[in-house]
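Think of it as A, B, C and D in the order they're written, each chain with its own count starting at 1.
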Amino acid sequence: MSHEERVTDAELGAESIKDLIESYNLIGGFMARNLYDASRVLASMYSDPDVTVILSFTANLVSTGLRGILRGLIERGLADVVITTAGTVDHDVAKSLGGVYFKGSFDTDDSELLSKGIHRIGNVFVRREHYGPLVEKAVHSTLSRINKDEVGVRELLWLMADELDDSSIIKASKRSCVPIYIPGFVDGAFGTAILTYNEIQRAKSGGRRINVNVLKDEEEIMNIVYSSKKLGAVIIGGGISKHHVIWWSQFKGGLDYVVYLTTATEWDGSLSGARPKEAISWGKVKPEAKSAFVLADATITVPILFNYITSEVGFRKRNTGVYPWNC
Amino acid sequence: MSHEERVTDAELGAESIKDLIESYNLIGGFMARNLYDASRVLASMYSDPDVTVILSFTANLVSTGLRGILRGLIERGLADVVITTAGTVDHDVAKSLGGVYFKGSFDTDDSELLSKGIHRIGNVFVRREHYGPLVEKAVHSTLSRINKDEVGVRELLWLMADELDDSSIIKASKRSCVPIYIPGFVDGAFGTAILTYNEIQRAKSGGRRINVNVLKDEEEIMNIVYSSKKLGAVIIGGGISKHHVIWWSQFKGGLDYVVYLTTATEWDGSLSGARPKEAISWGKVKPEAKSAFVLADATITVPILFNYITSEVGFRKRNTGVYPWNC
Amino acid sequence: MSHEERVTDAELGAESIKDLIESYNLIGGFMARNLYDASRVLASMYSDPDVTVILSFTANLVSTGLRGILRGLIERGLADVVITTAGTVDHDVAKSLGGVYFKGSFDTDDSELLSKGIHRIGNVFVRREHYGPLVEKAVHSTLSRINKDEVGVRELLWLMADELDDSSIIKASKRSCVPIYIPGFVDGAFGTAILTYNEIQRAKSGGRRINVNVLKDEEEIMNIVYSSKKLGAVIIGGGISKHHVIWWSQFKGGLDYVVYLTTATEWDGSLSGARPKEAISWGKVKPEAKSAFVLADATITVPILFNYITSEVGFRKRNTGVYPWNC
Amino acid sequence: MSHEERVTDAELGAESIKDLIESYNLIGGFMARNLYDASRVLASMYSDPDVTVILSFTANLVSTGLRGILRGLIERGLADVVITTAGTVDHDVAKSLGGVYFKGSFDTDDSELLSKGIHRIGNVFVRREHYGPLVEKAVHSTLSRINKDEVGVRELLWLMADELDDSSIIKASKRSCVPIYIPGFVDGAFGTAILTYNEIQRAKSGGRRINVNVLKDEEEIMNIVYSSKKLGAVIIGGGISKHHVIWWSQFKGGLDYVVYLTTATEWDGSLSGARPKEAISWGKVKPEAKSAFVLADATITVPILFNYITSEVGFRKRNTGVYPWNC
C-alpha cells in the first residue's frame, strides 16, 4: 500500500462532462471509481493505433434515443465492428422508416396497450404499425432486389441500408464501412421477414428463395479478428451480443482493452453478469488487458463516457486494413 | 377487496417439498408469493391436454448439476420444445463425453486459472481440454457422417445425439422426440466447430462443405406453433432463448401459460428483465394467460418447482401431433 | 485442484426438503451452492454448544407469513438474541392485536389504496386502522403501567408482551428469554407512540414522562457479547439490524459462524450488500469463521434452510448463562 | 396518448453537464428518463420558497469523496435537514481528524487486510487507527465538555463540531444551521464511544454519566415537520435514513417533492427498494407530489444531478423559520 491513492472530497461546481469525470476520480469509490476507470480504458484504447474496436450492444437500447449516440460512435470512427441483436435491426429500420417511439411508462395496463395497438419496451412505447410492418416491408423489398441464392447477414443489412434514412445505425455502418453482425439474426421481425419472404417465394410459381447464411458472417468476423494486431471492445449489456465478442476474441489471444457496461449481476453465474476477470480464465481477455466494468444503466453511462471520449479524441482514424474487403 | 386472501403465519415443521410450497402460500408476500403462484401456473399448464409447452433456458445452467433436472423435464414429458443458447450444446456435449466440471469459486485469480488451463463459469470450473476439444470432435465427427449439403440445427443436434451418453440433454431431446432449437447457434464452440469443419473441407481436395441453416429450424418452430392448440412456456433466464419463445408465441395469439424464472431486473428496459405483462402489450402473452415470474437464481427455484410438479404430475402424456414429423 | 469436488447432475424425484438440500449440493454452482453451504454453516453452528446465536432480520419480512417461522426460531432455541428494526414491533403488535394483512400486489394504484385506507408493503396490504392505532394503543397502555422514569427498549418490549397474543415474536422473545433489540427504535409507529405518550404526559398536570433509553440495551448487548464463548449469526436482510450484529461482534474478535441471506448487491459499496469477507477486514467476522451468503429473497430461502435445520436439530438446548439476568 | 412525447436520437457532442441532462431527456427511456425526471423534480423543489428539504443518505457514501458534495449541499442551502446513519458520523469525524481513506478493491484478501490493520468499505480502504480511535477521542472529548445530564444526538454533534475541520459534514451542519439527525445513533463507533464514556464514568469516583437521548431529536424533527409549509426530500440509499424521512413526512400529509436515488430493488418487498408510489399508500408521499427515482449507484448520479442543480440554482435562500431555535 505504499503507493496508495487517496479518496478525496469532490466539490460541487463541476460544469463540463470532463469535470464530472474528474469528480468521479476524486470520489474514488464504488461505481464512480469504475466509471472513471472505464474512461481511462477507453482513452487508452482509442489512442492505440493498432487496436480493432468491437462495439456490442443490446437492441433495447436502440428503442431509446441512445440510438443516435450509438450511430455517432460508428460515424466518428469509435467502432470498427458492431455486434448486436436482431432487435437492433427492427428498431433501427422502424425508426428509419418513420416509426415514432414515445415516452411511456413501466406502470401501465398492458392489456389496454394491446387493445390500442401499442408495443411496450420498458418505459418506451411504439405503435404496432410503426414496427413490424415497416421491418417486413424493408426486408422483403431488399430481398427482392437480390440476384443470388445466398447472402450473409451483414451483406443483407448493407443492401437494406439503401432503403434507410441517415438516422440509421445500419446505414451508418455501411457508409462508414463498419461491418455489423447479428449472430442471432432470426430472433425478431428481421428474421421472421426473411422466413416469410421465402415462404411466399416457395408458394409462388417462379419464386426464388434466398438463403441468409450467418456462417458467412462468422467467416468475416474470423478474418477481421485474425487480421487485427490488437482487439478492444465496448460491451454494452449482456446476452449473445456480449458473448460473441469475447468468444471470438479468444482466438486472437484475448482482448487487449475491454469495458463492460451492464446492469447484470455476477452472483447468478450468468454470462451477462460475468466480469472481465472471468473472461481471463477463458483467454477471452488478456491477463494484462486494460479493463473496467460499470454496473449501471447504459442509458446513463454511455452518454457520459462517449461524450467525454468524443471531446478528447474527436474523430478517430481507423485502420481499415483489417477487413476482408476494401473500404 | 371483499375477497381478500390473508397472509398467514407459516410454521416450522414442513418436511416435504409439497409442504414447502404450501408454506410459500401462507407466507403470501414478496417472492414466496410469486414462487407459489408459479407452482399454480405450472400445475394448471401441465393438466391442460391442449398445450404445447416450450422450455427455454440459458447455457450457464447446464454447467451446473441443474443439467440433470433439465434433462429430466424432457424425459418426463414436461417439455414439448426446447429453445436454448449455443453454450448448452457445448456444456452438454462436453459432459456427455467425459468432461468433468467441478466446484470452484467466484473469488479466484483468473490469470492463475488461465495458466492452469481452467475455464470458469461463475463458481464452476472446467478444464480446457474437457471443453472445446470435445465439442469440436463431436461436431466434426457428426458432420463427416452427413450425406447432404444442408441441415438444420435441430437436425444436426439429433444426428450428434448418437455420439453422446444418456446424461445428455441433446440425446434425451432426440430419444423423447422433443425438438431442441438454438437460434444463436453460431455463438460458441458448437458454431465455431461447424465453421472450422467447413474451412477444413474447403482446404481439402474433395472436401465437402455442409451448410447449417437455422432458417430450417425457424420453419419447424413456425409449424409447431401453428399446429398447437395452446402454448405454454417455462422461461429460465433471459437473452435470446427467452425472447425467441415469446417472439414466436405472438404469431399464435400469445402464450396461454407462462412462468419466468430470472434474476434480471425490469427497470433497465432489458428484454431479460421484462415481466410477462410487457409481453402482453406485444401479443406475446395473452391478457388472460395464467402467468407468474420469480426473481431468484434458477438453481434454487427450478428444483423446488419441478420436483413439486413431478410429484404432482408424474409423467405427462404429450400431444405429439404438433410436430411436422412422426414421433 | 487435487481435491476437487465434482458438479453432478441432480435428478428429479426429490420429495423432502432434505432431498432438496442434497440436490443443491449436487447442482454445485451459482446460488444453489451457496444455499447448500449455508445449510452446512447452520448445521455446524447449531451443533456447537458454545455459540451464542444472534438472529437479525428486517421488519418487512414480519409483514408476511414468515413471521411465524421467525417466531418458531425463537421458540425452538435457534436464536439466543434477536436484533431487528422498529417496523418489526409495529407489524408484530398489529398482527397480535387482530390486524389482518392480506395478499395485495406491487402493481396497484397507490392513490386508490390511500383513499381506501390501505397501506402497502410490497405485495402485502394492511388496513390503516389495523396498523398504527393498534401499535399506539399497546405502547401507551404499556407505558402507563410503568412505575419508573426510564426503561430500555428490550425491557419495554417485554412489558408490552403481556398485551400480545401467542402469535407474537415479541411475546415469544419474552417467554423464551431471548432478548430482542431495536437499535433504531424511534423509526416507526413504536417510536412515535413513545414520543406521543410523553407529549401527552407533558401536557397533562401530573403527567409522568418515561425515558426510553436505548443505551441500556447497548449495555445488555455488550454484556452478552462479552459473556459468550463464541458468536454466530443469521443475518436476514441488511440495514441497521445487519450492521448492529457485526458491529458488536468485532468486540469479541468476530463471528465464528455467519450466514447472510440478502438481495442486496455488493458492487455499490453498501453495508447491506457487503459479503462476510468484507466484515473480516474489520474483525467483525473471524478469518477462520464458517460463513456463507445467499443472494435470494429470504421469503424463499428461510423456509428451506430452517425447516431443514429444524428437522436435523429439533429443539436446541441453549446456554442461558450469557445473559445479565436469570432465565 | 394524444399528447405523446417522442423519444429522440441524442447526438454526441454534449460538453456540459447541462447538455448531458438534456441528452437524457432526448434519450427518453429506461433510467436516463428517470434521471432527467429527477432533475426536473429537483429544479421544481428548489424553486419553491415554501418547501423544507430533507436530505437523507447512508454512511457508506461518506467513505468516498462524495462526502464533499454532500457537505456542499448543506453549505449551498440545498438541504434544510439531514437524516443519516451512525456511520456518517464515524467517517466524517475520522476524515476531519486526519483519517486517510484510499482507493482499494473489492477483490482483496480480507484476512490480509485484517492483518495489515486495514478496514474495507467496498472498494475503499482506511487504516484501523485512522478510524475508531479518532471517533472515540472526539466523542469522549466532547462529552467531557458537557455540563448537563442529557443531550440530544443533534445537540451532541453540534458540540462535537468544534473539534472538526472545515471538510466536515457535521461542522457544515452546525455552521449552516442545518440540523443533522441519526435515528440509529448507537449503531457504530459514535454510539459505542458514548457507551464507553459512560462506562468509564461509572467506574470512576465522581464520574458523571451523560444520557444521549434520541427522543429529543425526535421532538425536534416533529417540530420542524409541523412548522413547514411543504416538505421535500432527496433520499440517497435505503435503510433507516430513508424510512425516517418518509415516516415523519406522513404526519404533515406527505412529501410534496421527492427523489429516491438507490440501487435497491422493489420486488423483495424491502423498504430500501420501495418506490415513491408505495409511500403514497401510507400518506408518506402526496398523490400529487412531484416524484422521481433513479436506480443507479449514487456515486454516479449525485454528481450529475447536483452539479446541474448548483449551476441552475446557485445558493438557495432557506426559510429558517421552521426550526425550534434561531438560526
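One rule holds for everything that comes next: contacts are C-beta pairs under 8 Å (C-beta built on N, C-alpha and C of every residue); 3 or more make two chains touch, one makes a residue touch a chain.
These numbers were taken from a predicted model, which means no experiment stands behind them.
Q: With over half of the numbers shared counting as same, classify the chain A/chain D interface as same or different.
A: Mostly the same residues.
Q: Contact counts by the stated rule: is the higher one at B-C or A-B?
A: Taking the two pairs in turn, the one with more contacts turns out to be B-C.
Q: Taking mean CA positions as centres, which chain lies farthest from chain D?
A: The most distant chain relative to chain D turns out to be B.
Q: Could you grab the centroid distance between chain A and chain B? Build each centroid from C-alpha atoms only and quote it in angstrom.
A: The answer is 25 Å.
Q: Suppose each chain is reduced to the average of its Cα coordinates; what separation in Å results between chain B and chain C?
A: Roughly 37 Å, centre to centre.
Q: Using the touch definition from the top, which residues of chain D touch two or more other chains?
A: In chain D, 29-31, 60-61, 63-64, 107, 118, 121-124, 265, 267-269, 277, 295, 297, 299 touch at least two other chains.
Q: With chains as vertices joined when they touch, what's the shape: line, ring, star, complete or other?
A: Basically all the chains touch each other, so complete.
Q: For chain C, which residues are in contact with chain B within the complex?
A: 1, 4-17, 19-20, 23-24, 26-33, 35, 60-61, 63-69, 71-73, 76, 95, 100-103, 107, 116, 118, 121-125, 167, 277, 295-297, 299-301, 303-304, 306-307, 310-311
Q: For chain D, which residues count as touching chain B in their complex?
A: Against chain B, the touching part of chain D is residues 29-31, 107, 265, 267-269, 295.
Q: Residues of chain B touching chain A in their complex?
A: Going by the criterion above, the answer is residues 58-61, 63-64, 85, 87, 106, 108, 110-111, 113-114, 118-124, 183-184, 186-188, 191-192, 194-195, 198, 211-215, 217-219, 222, 237-240, 243-244, 247, 263-274, 277-283, 287, 297-299.
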